[in-house]
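The following pair of complexes shares a single chain, subunit A, combined with subunit B in the former and subunit C in the latter.
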Partner chain A sequence: MNTIITIFHFEWKKAWPTRAFRLSLLGLLAVSLYAIFNGSSLIRDQRRNIDRALASEDSVFRSVVAQIHTTDTASADGKIALRRLASATSTITSPYKRWTSYWEPGSFAFLSAGNRDVYPYYHELEPYSFYMRFFKNEVSSPLRQLYGNFDLAFVIVLLFPLWIIALTFDAWSSEKESGTLAIVSLARSAVTLVTGKFLFNWVIVSVVLNGILVVALIVADHPRIIDWLRIVGSCNAYLASWFLLCYVVCRLRKTSVVNAIALTACWILLTIALPAIFNTVATTKYPVTAEIFSNYIRRVQMPDDPAVKAAKLREFFRYYPQYADTDTSMPAIANKLYVVYGNLSDRSADPLLERYIHEMRLREAFLAWGNFFNPVIMCQRELNAVVGTDLESYIAYVKSARAYVQVLKESLTAKVFADAWMTDDELLHRLSFVEFLHQTRTK
Partner chain B sequence: MLQAINLTKTYQQHTALNRLNLSVGKGEVFCLLGQNGAGKTTTINLFLGFIAATSGKALINGIEVKVNDPATKKLIAYIPEVVTLYPNLTSLENLDFFSRLAGFRYNRAQLEEFLTRSGLQRDAISKRLADHSKGMRQKVGIAIALARNAEVIFMDEPTSGLDPKATDEFTGIVKSLGEAGKSVLMATHDIFNAVNVGTHVGIMRQGELVHTLSAPEISANDLQKLYLETI
Partner chain C sequence: MDTLGLIIGHQFREWKRNRLVHGFIAILVVLWVFALYAGIVWYHSTARIREGAASQSRENWLGQERKHPHIAAHFGNFAFKHVNPLSIFDNGTDMYTGTYVYLEAHRQNDVLFSPAQSSSSLVRFGSFNIALLLQVVIPLFLFALTFNTVLAERNAGTLALMKSSGIKPATMIRGKVLAPLLLVSAALAVLSLISVILLTASSIPFGIPDLVKLGLMLLFHLLYYLVLLVIAVGVSARSRSLKQSLLALTGIWIFACVVWPKLLGNISGVLHPLPSNTLVKNAIREDILNGLDGHNTSDQRAKMLIDSFLKKYGATTTSQLPVNIEGVVMVEGEKYSSRVYREHFRRVDEILRQQQHLLSFAGILDPLLSVKNLSMAICNTDPVNDRLFRQAAEAYRMNFVQLMNTDMAEHSKENEFGIYKVGREVFDRVAPFRFRPSGPLESLSGYVVDLFCLAVLAVLSWSCIYLIARKV
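Right after this comes the complex of A and B.
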């Protein structure tokens, strides 16, 4: 123990006067704090945008109610306007009346923003057709998909290993090259000295890492301690794996130059080359259907052929037998047909969504299998999973949004087939996405 | 203090050291001369326990040297050819570090005493080693050996790269080590220095100790002539 304390004491004396050590330590601290700030800004902006979308939704419906009350119903135009504003059909099909669904950022989402800015994180939905709205938005920032976000996960996963390499690559070779290894080995095992140096650097890196994670805990909104502990555990285990790799390379007793090249090559291999290779293989081996994006994002066209219309209605009544006695002659059925077609369109697209999710999961499973030995990818995946920015969280959101639209669709379809109008209360106190999620979770 | 009995080291087909026999008594300074590859450093490494002998024995104070054996390691000190030590630490800190690793805890006055005994100027004691010349670093290396309280000191070409004044100072320090009862085995290329500092001089060729001479009984010129004839 005394030997380790001695090594720690003098390693600090050796390290701190070194400009490169001070610059790298302070630089990494500054970069980490900026990454927290940058990630927080990204998530804060997303929260603002979600709030704006919700406020916009509320404002539209309040405006509709206000217009209903100020419409001159004595005139023919006024009656038409009132129908446009208050009928259940217009509520379900109007492109102006939209319900907002959103992918709620978790408390620690700023640490590992993941694909939050790649996938759209909020949607303005129409009960008329889920797919028409949901997959209309393209990936918001394709460039980000290439480079990722400058968040704390980026710093920890990519930059901390470089720092560890810089601190340890010559732990053994520098002693040999400066003639101290021979002198030390007369007093203590050289392995003790090198192990002591690694422990010292591990303590330094751990103090910096965990200090930064404490800052992240302070910055987070309503954090769950168990999530924070999982993040701390993952990051510490990840960096320990880099120390282990550096230790193994150092114990090969090559020169400092060879060690530096070997460890840099390992970094490139693990962070860039292998993930890129597996991604390419995954993309080729598990292609994801694009049909859902191309075929269902357009408003459904009403067929003119009466036979087609009749067939569509028969199909619809199979799903909704409670409406089977509806008058299907024109013009009584005219407005209802939009609802029928929108409903059937979503139903026919549902299997494609399942296929899309299945294919995404297959690709993800292949990547998880391929990168099982790669601590870089495993750490990034674990961080994304803990903070809720992983694929499964996104899929859960997509499925929730789809279910939400179906619930809206069901309730509004009943009103459409009853030729009912929307009340003020129904327009002002709509089922919100968050209420829907709450109800679903309660059930 | 120091004895080699038929000490042999072979690497596959190559014999680095062949049946070496030598002994260095208390207070003696034995200088090994020879070309590169003659077996000087191999001899020192065998005594230090860094490598294992193929056959024969290396004895220090009657104890047979084994690889990484603490029984003999505590008796010896080593000054390698390159004594860079830790450039970011001062002379005092370097000495303190190596002393503590060896299990000795000295106060500042004692550490300064070791450094001044090794010939280091007082104003260099608190300066970083990065600012030291090679000669000054060698002196810190000697201080480390003194602080270990070693009975036997091995030096591997300690004067290579030193200017004449530094070499002269170094010679005086090594002589004083001998006078203090330390046994010194030094590998060197410097014939004149060997004659000046050594009590005995050995000339090695291709792993064999060809001549062993008493230094006071031979002049530098005669030794040079013999050396050139031998190699």
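Right after this comes the complex of A and C.
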């Protein structure tokens, strides 16, 4: 124990006065704090955009209710306007009355933004047809996306290992090259010395890492301690794996130059080359065909052929026998037919969504398999999974949004087939996405 | 042979014996062939999917049942992004820009489904293509070749020998810079030639303009390598030990290739923030409804148009007009809404340009940024190409929507939405969507700053050789 304390004491006295050590330490602290700030800004912007979309939805429905109350129902034009505002059919098919769904960012999403800036994270949905309006893009900069997010995950996964390499690559070789190894070996074994040095550096790195993670905990909004502990565990284990790698290389007892080249090569291989190679193979081997949705993004149109209309109605009544006794003669059925078409169109596109998700999962599974040995990818995946910015969290959101639209669609369809109009209460107190999620979880 | 030639020749003879160099070249060839092969496979599969989807969309358009032309305009078309053969070399921002767009009456939709949206966040580690080799891997090879180039001469005592035999230090440094540059140029020339042959053999349309673009792309990279080599030789000349030189160059490489571009990309987004989709779409809707000036509502605009037509034809009611006024209102409404969309998208594009300018000017500090921008531009995989695609798609949308609206105005009567129908004879008049990327000069026209920065850095680096020589 005394030996370790002596080595710690000596190493600190040697490291602290060095400009390189202080600069690297301060630099890493600065980029870590910037990464926390930058990640927080991204998530804050996303929350603001979600709030705007929600506010926009609310404002449209409030304006509809206000217009309903001010419409002159004595005139023919007024009656038409009122029908457009308050009938259930116009509510389900209006391109302006939209319900907002959103991918709620987790408390620690700012630590590892993942693909949150690439996936559309909120949607203004039309119950008429999910697929017609679901696919969209947030206004974004492709250049910024190309360079990626400067978040804490980037600092921990890519920059911390470099610091570890810089601190430890010559733990043994520097003593040998400066001729001090022989002197030191008189009192202690070289292994003890190298181990002591590694322990010292490990303590330094751990203090910095965990200090930064404490800052992240303070910054996080309503954090769950269990998530934070998982993050702390993953990051510490990840950096420990780099210490292990450096230790193994140092124990080979090569020169400082060879160690530096070997460890830098490892870093490049694990952080740049192998992930990029596996990404390329995954993209080539597992194509994801988003083009399959094109027929369903297209505006749903009703054919003129009465036989086709009748067939569609029959199909619809199979799913919804409660409406089977509806008057199917024109013009009574005209508006309802749009709702029928929208419903059936979504149903026929659902298997495509499943296929699309399946293709994405296949690609992801391949990447996970290919990188099973790579601590860089393992740590990144784990961080994304804990903070909820991974592919599965996104898929869960997409599926929830689809289910939400189906619930809205079905409740509005009931009103359409009852030839009912929307009440003020129904327009003002709509089923929100959050309420829907809550109900689903409760069920 | 002059002294410079002798130094370069000597360096090549040394490399001939050096197994490390053989290893580097072998790795480079293997990685190049892998990237090329993966690129070719990806090209064929993506082109097949997109061409299939485009012809399906075309069939749907032509095969739609007889209907009112405006309803046909609502049925719409799709524009699929052309798969560019040069994206095999550098796919630039193609991973983050959409691949197809639904074109319909009244609205300009988002270009959907960027390839990155179909992947997990692991996509952010990048894909292994030739651009990555050229911009990240080869610089590392060059640093590895040169980190000890002057130090080794100094340590072996040959530096003093060279000086005493009348070789000027500047000539020696020039030789140390030019030798690896020639090595990498030769390797790239051979690999590019093989690539062109393989691309042609794999039935990928690779024409003369693409060849010119590939040549320019390599030229930009050689200028980039020149800057890096001068830095590397300079560091080697100034360092006291191999360790110091190696650490300094590794630090420079990591900062220039990994940290700085990401940091700047993020700062550009913070300095020039983009509006949200909701804000843009709401503002567009508002402006279409109330007019760009906020005082001319869509109803007022329609009324003014109708009044002008009544006056022009001396009619008292719209039914007396020789055209269907509803169609005329549609034509004018489409023009107006398109103008509104254009104005709002112009503002967004302006912000994106400001972000890009920041990265372009930063190229004076990090040549990687300049070469990356130029490489993307010349391969037509940059944000400008995406913008041009959007503009071409919008021009196509306007054309077919207005063709349908004009048919409605000229051949139908008012309130004939349910009666007047057209078929293939009209739908056929809409040509299939075509988008071809711009030529080499046009592609680079938006990157004058990057060209300037790279050229200035190359000239400055060359001049710095004399400064380095003075310290040797």
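Keep in mind that, in the parts below, the second predicted complex is superposed on the first by the 430 of 443 C-alpha atoms of A that agree within 3 Å, B and C clash if a C-alpha of one lies under 4 Å from a C-alpha of the other, contacts with A are read in each partner's own complex, and residues count from 1 in each chain.
Quick note on the criterion: a contact is a pair of C-beta atoms (placed from the backbone, for glycine too) under 8 Å apart; a residue touches a chain by one contact, two chains touch by 3 or more.
Please read all numbers here as calculations on a predicted model, not as lab measurements.
When the two complexes are overlaid on their common chain A, residue A:S411 makes contact with neither subunit B nor subunit C.
In the superposition on chain A, A:E364 contacts subunit C only, with no contact to subunit B.
Greater residue coverage of subunit A by touch, when subunit B is weighed against subunit C, goes to C. In the superposition on chain A, A:N49 makes contact with subunit C only, not with subunit B.
Judged by the touch definition given at the top, the superposed model places A:P17 against subunit B, while subunit C stays out of reach. When the two structures are aligned on the shared chain, A:I277 is found in touch with subunit C, with no touch to subunit B. In the superposed model, A:N149 makes contact with subunit C only, not with subunit B.
Taken together, the two complexes place no residue of subunit A in contact with both subunit B and subunit C. On the side of subunit A, the complex with subunit C involves touching residues 31, 38, 41, 45, 48-49, 52-53, 56, 96, 112, 114-115, 118-120, 122, 124, 135-150, 154, 158-159, 162, 166, 170, 256-257, 260-261, 264, 268, 271-273, 275-277, 279-284, 287-291, 293-295, 297-299, 301, 303-305, 356, 359-360, 363-364, 367, 371, 377, 380-381, 384, 389-391. Taken together, the subunit A residues at the contact with subunit B in this complex read 2-3, 6, 10, 13-15, 17-18, 177-180, 182-189, 193.
For subunit C in complex with subunit A, the residues that touch the partner chain are 34-35, 38, 41-42, 45-46, 49-50, 52-53, 56-57, 60, 65-67, 71, 74-76, 78, 80, 92-93, 95-100, 102, 104, 110-129, 132, 136-137, 140, 144, 242-243, 246-247, 250, 254, 258-259, 261-266, 268-270, 273-280, 282, 285, 348, 352, 355-356, 359, 383, 386.
Within the complex formed with subunit A, the subunit B residues making contact are 48, 50, 68, 73, 76-78, 80-89, 93, 96-98, 100-103, 128, 141, 144, 148.
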